[in-house]
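Each structure below appears as structure tokens.
Heads up, the next two complexes both have chain A, just with different partners, chain B and then chain C.
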Partner chain A sequence: MYKLNFNFLNRYGDMLIDGMKTTLLIVFGCLIIGFLLGTVLALCRQSHNKLIKGTATIFVDILRNTPFLVQLFFFYYGLPVLGIQTGPIPTAIIALGINTSAQNCEIIRSGLMAVKKEYYECAAALGYGKVQTLQLFVLPIAFRLAFKSLVNNFINLVLTSSVCFSITVVETMGAAKIIVGRTSRPFEIYLLILLCYCIFTYIISFLAKLVDKKIHIVL
Partner chain B sequence: MSFYDYANLTGNDAMQFLRAAGVTLYITIVSLLIGSILGIALGIVRCSKNKAVSALPLILIEPLRNSPLVTQLFLIYYGLPMVSSIMLDPYPAAILAISLNTAAFMAVLVHNSISAVPQGQWEAGLALGHSSASTFIHVIARQAFRLLIPQAITLYISQLQCSSLVALIGIMDLTKLGQNLALRTLKPFMIYGIVFLIYYILSSPLSKLARDLEKKLSFNY
Partner chain C sequence: MYIQRTTNDNYESLIHDITGKVGKEMAMIEVKNVTKSFGTLTVLKNFNVEFNQEGVTVLLGPSGTGKSTLLRCINGLETVDEGDILVNGRSVKEKKNLRDIRLDCGMVFQRTVLFPHLNVMQNLTMSPVKLLKMDKAKAEEKAIYYLKKVGLESKAKALHNELSGGEQQRIAIARALMMNPKALLLDEITSALDPEMTSEVLKILENLAAEGVCMLCVTHEMQFAKHAASRIIFMDKGSMEADVTAEEFFSTVRKENERIAKFLNFIGE
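Moving on, here comes the complex of A and B:
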């Protein structure tokens, strides 16, 4: 009978915690990029200009229909060809951020579409311009409607960020891989990582529920 | 043949792309089949009236849904041989990991769509003299199925893309082939462009299908 042995934590615990910090850095970097770019893309897809709409649609379509791992490799090996030299972590943030933005775009767009025509008319009647209408009326409502899906997407983002170890980013999974290489205890380490991710996502969904109660609206 | 000739793509590479696409499809389809069946079973158990029974699948579902597929894959491929005598080859390990992952997500979809059928439908079935099993099969399952299909296809698309992760345990699928060819030809843009294209061709018809079916199958009570 195999006995589980977690002694490696004494020696490599710090490494794991550093990895988690890197995961947090990547995840929150991507959260910001994904949210902003996702909103812009969603607005572009609602645009009346066919060129803008078409470009945004194709961009989102490609990103949603190809695996993140390939996108990651594309950016990691492709960016230097264009003359942009970045480290693995910025590359991971850029690639994952862009990937998330495509997913967020669809969600925010469905939120935007759920905002009724009357709101636009109401804002127009009150004398607001186009930008102000979006900023003060439409976007806040759309975000509130889309909040739950956005949180789901964020959890997905956290899980996907574990793929970044394949371009040598030492985040949680990367640290785990290094520790496995040094201690030959893959079962314990991967199990531990699995539980860590579970706990992290539970914390996120718990917080999200608290926030959702406050901002929930029914149209 | 000079080095530069070798660096270009040949007809043989085209065949390799086809073969790799086949590997990707094979792994995806097999694991989606297994995963869907297991997921439907778990989802039905989740709907049980007995609270203890209905909570049982959560032991499997929750960790699988809330942790990355890579970790599950590595746990099965590298971790399992350490603690037991089960030593899986890359293919079975990949299929096992993706099927379990699919099953967990599928179970939640099944549970949600069964619960989305109004309680009145149950009562109507029972009132017409059906047994509860018969009500489930003839009344509830059909309506739940209509709700389930578009969501299941969306899940399948995401699992098709997740199947690229099997490249990390050394299976020669599209992603791994792309990686190898990009290193050989030193033209990452072109190679990954081709890989993108193939994945796009595989998954965009499904996306379109999901969108169409969602419109076609939606109904109001």
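Moving on, here comes the complex of A and C:
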């Protein structure tokens, strides 16, 4: 019978915690990029300007139809050839943030499409300009409609962030791998970080439910 | 030409605004030789009409004759192909005038939407606060005044899906009035409602009419037209068929004009 042994935590606990902090840094960085860029992309895809719409569509399609790991390697190992070089963590944030923005784009776009013509006309008839209509009515409505899916996407993002260890980022997974190498306790360590990811995503889901209760709307 | 809008200190004077006259020789809304087509379908043909800021004008006519299109052209939701429409001297053809035109003409639609992420109070106060830079507290005070007017002061916190269709229309009327429009453009605002709700809404309109709010309404409610309208315009196939006082319309005109007689018979009047 295998005996669990978590003694490695005494020595490597701090390393694991630092790894988790890095994970948090990456996911919140990506959350912001993913949300802002995702919104911009969604608006571009709704644009009447063919060039803007086409560019955004191609951009999103490429990102959605290629593996994230390959995107990550492209950013980290490919782009430096062109002289674009950033450290592992910034690269992870940028690559994963852009990847998330493509997923968010589609979700936000479906929210935007649910805002029917009547809302635009009603706002116009009240005297609002285009930008104000977007800012005060269309986007708030679209975000609320998209909220649940955006949260699912965020959870996906948290889980996917573990892939970033492969470009030498010492986030949770990276730290775990190093500790495994030094202690040969893979069962305990991977079990532990599985639980950590699980708890973290549970907390996010729980908070999201609370928020959703507040902002939920029906059209 | 540009009239600066200001927020007044108390709503008494704000109320006065909507009944006050424009104070110019010209008509408030001048529709001059307007032609409007959708593809090959010409909906308005060389249409001419003027509206002063007075009383209730009812637009009547069979379905598809361009009544909605006329109202939508007046506040710039549709562009006119030929001719021009001036609202307080401002042409709807100039994009920069649209905001002022829309502030002058409050519009309520058949299928109203209240903004779903805002409660009733927020639906009412947002526009004066954002567009007229009215103080929030003052806007709320004013909102309560209009909520009372439409009999819904108890619903200030409600969301749109907690209101009946008739209540939503009454809120939409209040929302339009919050902006001190010089006229209200109402497009069949009761036709999606059941009879009970219809009478609730019409009652509000009659009260507003009695207070002197200027309205331009498309409606099939003949009782309302008889009670509240001072002027009746009958449109058919994009042209003006009659433009008369309500008394004339329901006495002499309906006897003399075949098409009007037919229309009134058709809608059971």
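Here is the rule we go by: the second predicted complex is superposed on the first by the 219 of 219 C-alpha atoms of A that agree within 3 Å, B and C clash if a C-alpha of one lies under 4 Å from a C-alpha of the other, contacts with A are read in each partner's own complex, and residues count from 1 in each chain.
In the analysis below, a residue touches a chain if its C-beta (ideal position, glycine included) is under 8 Å from a C-beta of that chain, and two chains touch if they have at least 3 such contacts.
Predicted, not measured: the structure shown is a model, and the values here were computed from it.
Legend: residue contacts after superposition of the two complexes on their common chain; A:Arg64 is shown touching chain B, with no touch to chain C. With both structures placed on the common chain, the touch criterion links A:Phe147 to neither chain B nor chain C.
If you count the residues of chain A touched by chain B and by chain C, you find the higher number for B.
In the overlay built on the shared chain, the residue A:Tyr77 is in contact with chain B alone; chain C does not reach it.
When both complexes are overlaid on chain A, the residue A:Ile217 reaches chain C alone and has no touch with chain B. When the two complexes are overlaid on their common chain A, residue A:Cys122 makes contact with chain C while staying clear of chain B. Those residues of chain A whose C-beta lies close enough to touch chain C in the complex are 116, 118-119, 121-122, 124-129, 132, 136-137, 140-141, 144, 215, 217-219. Contacts from chain C toward chain A in the complex involve residues 75-77, 98-99, 102-103, 106-107, 109, 111-113, 115-117, 126-127, 130-131, 159, 161, 175-176, 179. The touching residues of chain A, when paired with chain B in their complex, are 2, 4, 61-62, 64-70, 73-74, 77-78, 81, 155, 159-163, 165-166, 173, 176-177, 180, 184-188, 190-191, 193-195, 197-198, 201-202. Against chain A, in their complex, chain B makes its touches with residues 62-63, 66-72, 74-75, 78-80, 82-84, 157, 161-165, 167-168, 174-175, 178-179, 182, 188-189, 192, 195-196, 199-200, 203-204, 207.
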